[in-house]
């Protein structure tokens, strides 16, 4: 069968990707191209590493292989501005960073910028995601942001929600003599969501676009808890040694923000909330 | 003569055991089929999905090719371990130690990143001019990296299995073959190894079935066509991981079953002359008849058996 | 421990010596197993070695066939120094290929047969000719069937060793060694692992082989065989040759008290 | 007597081989130590990090406990497979088939989610009143789920290894022991199994070392204290995966080395009387002396050896 | 195939029969191996069985020791029906525990020794007493050392089987069987896997055992032993008892031509 490719069988089944973004609508910018480091000038492509399991930022299309999402569209727009074609490679988180500068020119995988990480790579901020919480529909367990101690909270492994956010809250619980939060850390966000639906965890915490997507995908079995907080910038990663190219990417992003392509893409994916007014290379605060 | 027809010993507890096990099984199956959380509808939808079937194919390709590489290397390593050249023994030991000792995920990551770490493969005079050079990324593409990574890692495990197998063959076999004037490599290949296979095959079957599941780590390379990746991707799209895990489990079980059948036949092949020989005198009468009925020419046809 | 230099001239002076063992010593670490063995076996001769357990009989045979390296002395087969080549009075180890070539001239039959269990009788016999001598399979097979016929097993060609009795297995082992057409056959207690009833068949095959003119060195406890078939009988004890000569003479009238004692126990 | 002091055969190619291998090794080490992408500074920083050391501890705990469970189950399964009760044979076969056939990740996920699928464990009369019930989540917490999941999976692989091992023991041993009036279970335990261990240990060593790495899959449960999880978490915090993978690889190598040493001693223990006996007559002289020197009482002290 | 019912009364009428074999048949599938064996062994008697290979000698011993189940007939040891208990004329299989109990009364020595290779000589001997009879380790060890002394191996107590010669191994096997203090000892060709020199020691041990009054059934090719030690000699061929009686009479003057033929080959 080809169930995986038969779209439109309800919103819960199969991603109904928005109208695909056409990178040919983006104008080439020769001034920016001229700034490119020599090694990149001759290349026809911009190779992007992305952990494509983070809907709607980056995930796989129905064929199970083609990456889509707003990060992917942004990558295409960046490449088009530089007169190149973007090739987005699915990769495991641990394999993206070592390959920056050699195999991948950019890493775009909803990387949250923090000072520690900034020591290892160059970041160009391009999106603002906050932390958002979700619980089962109707909040049957009566979870509030103030009674989390002793509860089970699901997070995706390696996210800022896991560490430091929930970890710190748990530490505060312990400090206050209350039971610690049981942090259920899973590799896939999907598994976290499924467990929340199934009720083995009491709440989950993730980037706001992710939570919104999960809410849509689970047919209203979940609802948000509280509001978005702790907005943190996400960045495009560039090899630490490649400062020239990082500068170019910053300029390209600002151009895309100014000419409206950026907003268009985010609107397409229904995620304008996180839009940034200005992209910055290595912003000091998260 | 009056044949003895004795009343067998009764084993009531066995029947209780049987009943309990059956009951548990029925309860598990019943609860699985009726539990809505398993989404059997979704399971059926994706079971024969073209992506899933392709994933099965790729998983099989990875398993088979990397096992072939691993077996070849393992034979080499096991022979080296028994060599009288200390260097070979030492290299073989270090190889086994290193590849068994480090996680296969890290190894796969290395093979996937070797292009990043060493962008060019250069053949040349050390500290002298370079003769040839290739772009690493083109030589080691994702498929090659996945197969090489899995194969090298597995070779270390198999080398231990082969070593134990070779050790199990009676020393007299080596002496008898050497006394016939056979060279050591030939003795190993034609006499020792075929006999060692009896001991080698069951754990190698284990390793093959293990490898089937280890292929899911090729995402580290990244290689994104294997069964686990495909079903995971489908799961994150549909937000229904359990039925898609069931799909993957179903196919792994099917392949495992096929492999177990294969193992049975390979075990039987290499057990010939040893395991599956009925008590000599009984067989003898039948075998004499067979030997007389069969023209001698055919008998030589099976001589090659041990080589495969 | 006699000096061996003069012995050599002496031996070569005789007619057609095939095996010459000169002052051979063998040490396993500190364990002195062979303590200066001298022995000559002429072409077509059947030389029987007897002696108590641990006297070094097997070790001697194994040294001739290079399964062990000697610690001192020389062994010549067909005037070929076994295991070494001598250049300007200095011995050099033979390489693996040369060792294999020397072994091809010498067939060996073991106490425990050591047939290849995964191959049928016929496959056991053709293994070395096809693999070592590179004979064609059909030629080797013809020869093998002849040999199996000779040892009385032509109807067992397609049986695996495990389907054969001990006596039959030992006869296949003899056929296997003969298939390489050796100049010399070594037998190390070929019947001592057999049930008494089955001993006869194997001895019969060996007798016929001796009649056909094969040079043989046979370690055995079968005194009857030694008397009937042996051209010389050597009694070894404690790593030295105690007594050697015509089998009938020695058995009837052993000179040395150790020989007397041993024969009284075995007969 | 003049001892032979022959000139050994020269193997020039071996020396070339040695030189090449050494050169490659030196180049690899040199390029690794000088390549800045390995961030050896970060490696050193985290090598003895308290979290990492705790991760090593947890990984060891998981490995050891799940291997213990697996070995106990595997012995049981292998005995059942040889039982004359068809039900036991059948159950044992299905067990091996199922647990070898499905991915351990899926099994771990199941044990982690069993609370979601079956929120309560109920003991009661089927279709009748319930007698006891527990909250699944409290009975099967993450550690228990991880250990049970790994142990059950591994038991299937080990059962095959044990089956092959038991098969390798000569049938005469069983007969001799039975003729002495020993019960079958006792024969298995005291006579057959200790002898089978020689064949069982090398592949079991493989499995143990494999398990060490498999523990990283407990993330499925989720269990988040093992070495791989900890180093991954540190990697995603610092965005320097390679040095942290190296930290993990280093520790896995260390543990593997320790395990390999352990295996050597266990092999030697179970090889006693078989493998590590010097040629009888030579030893005999020494052994006679030893036997005379040693009072007889001590000899019995090792009788228990086979049982462990 | 004689009818067995009258035989039983006849046998029990004599003094102290320990083993009674009545019309025993054994089939392996279609292969009829024992074809109605009748035999009585009285307390303290040494009964020697000879016969060509495949005649069913081992199978008979194995049936007595329950290593095989018989297809027809009855075997009694000490008036105990072996393998079954009879309730209202109907046979019921014994359970594993009862079978083990019956075997304890019967010691068996195999052709291939079957010592436990992972245990020393002493450990081999004390294994069954401590594990089956639950004797204390020290008591068992005292007894075992006595037995090893008896078989002439007190200085080999701490050796592993692989460190012992074949003859020594076989003597340990005898000691191991004796440690269970059986009423009956079965020997299945105890010397046929031994080098001729080593046979004597084992036969010596068996002779002493016979002298001490142990009831023994011995399958052997050692006609000398049968003549010297045997109280009765039974010649089996093709699954039937061909001839049975005083060993000296039979060996000197065999009645049946098959016996004649066999003896001519073995002597």
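Just so it is clear, A, B, C, D and E label the chains in written order, and each chain counts residues from 1 on its own.
As a working rule, contacts are C-beta pairs under 8 Å (C-beta built on N, C-alpha and C of every residue); 3 or more make two chains touch, one makes a residue touch a chain.
From a predicted model like this one, the values you see are computed outputs, not experimental measurements.
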In the chain contact graph, what is the shortest path length, in steps, from chain C to chain D? 1
Where the contacts of chain D and chain E overlap, which chains show up? B, C
Pick the pair with more C-beta contacts: B-C or A-B? B-C
Note: chain D sits from chain B at a C-alpha centroid distance in Å of 18
Using Cα averages as centroids, what's the distance between chain A and chain C in whole Å? 81
Can you work out the whole-Å distance between the CA centroids of chain B and chain E? 47
Taking each chain's centre as the mean of its CA atoms, chain A sits from chain E at a distance in Å of 82
Multi-chain contacts in chain A: which residues touch at least two other chains? 94-95, 98, 191, 198
Chain D: which residues touch two or more other chains? 37, 109, 113, 116-117, 242, 245
Enumerate the residues of chain E that touch no fewer than two other chains. 96, 165
Show me, using the given definition of touch, all chain pairs that touch one another. A-B, A-D, B-C, B-D, B-E, C-D, C-E, D-E
For a test of understanding, state which residues of chain C touch chain B in their complex under the given definition. 65, 67, 96-97, 100-101, 103-104, 106-108, 110, 112, 114-120, 122-123, 126-128, 131-132, 137-138, 141, 145, 155-165, 173, 176-177, 180
Over in the complex, which chain D residues touch chain A? Could you list them? 37, 109, 113, 115-117, 119, 137, 219-220, 222, 224, 229, 232-233, 235-242, 245
Hey, which residues of chain B end up touching chain D in the complex? 11, 14, 17-18, 21, 23, 27, 31, 35, 37-38, 85, 87-88, 91, 97-98, 100-106, 109, 113, 116-118, 126, 157, 160-161, 163-164, 168, 199, 202-203, 205-207, 209-210, 213, 216, 228, 241-242, 245, 248-249, 252-253, 256-257, 260
Of all residues in chain B, which touch chain C in the complex? 170, 172-173, 175-184, 186, 190-191, 194-195, 270, 272-274, 277, 280, 283-284, 287-288, 290-292, 294, 296, 299-300, 302-303, 305-306
Can you check the complex and tell me which residues of chain A touch chain B? 1-5, 12-15, 53, 55, 59-60, 62-65, 89-92, 94-95, 98-99, 101-103, 188-191, 193-194, 198, 214, 217-218
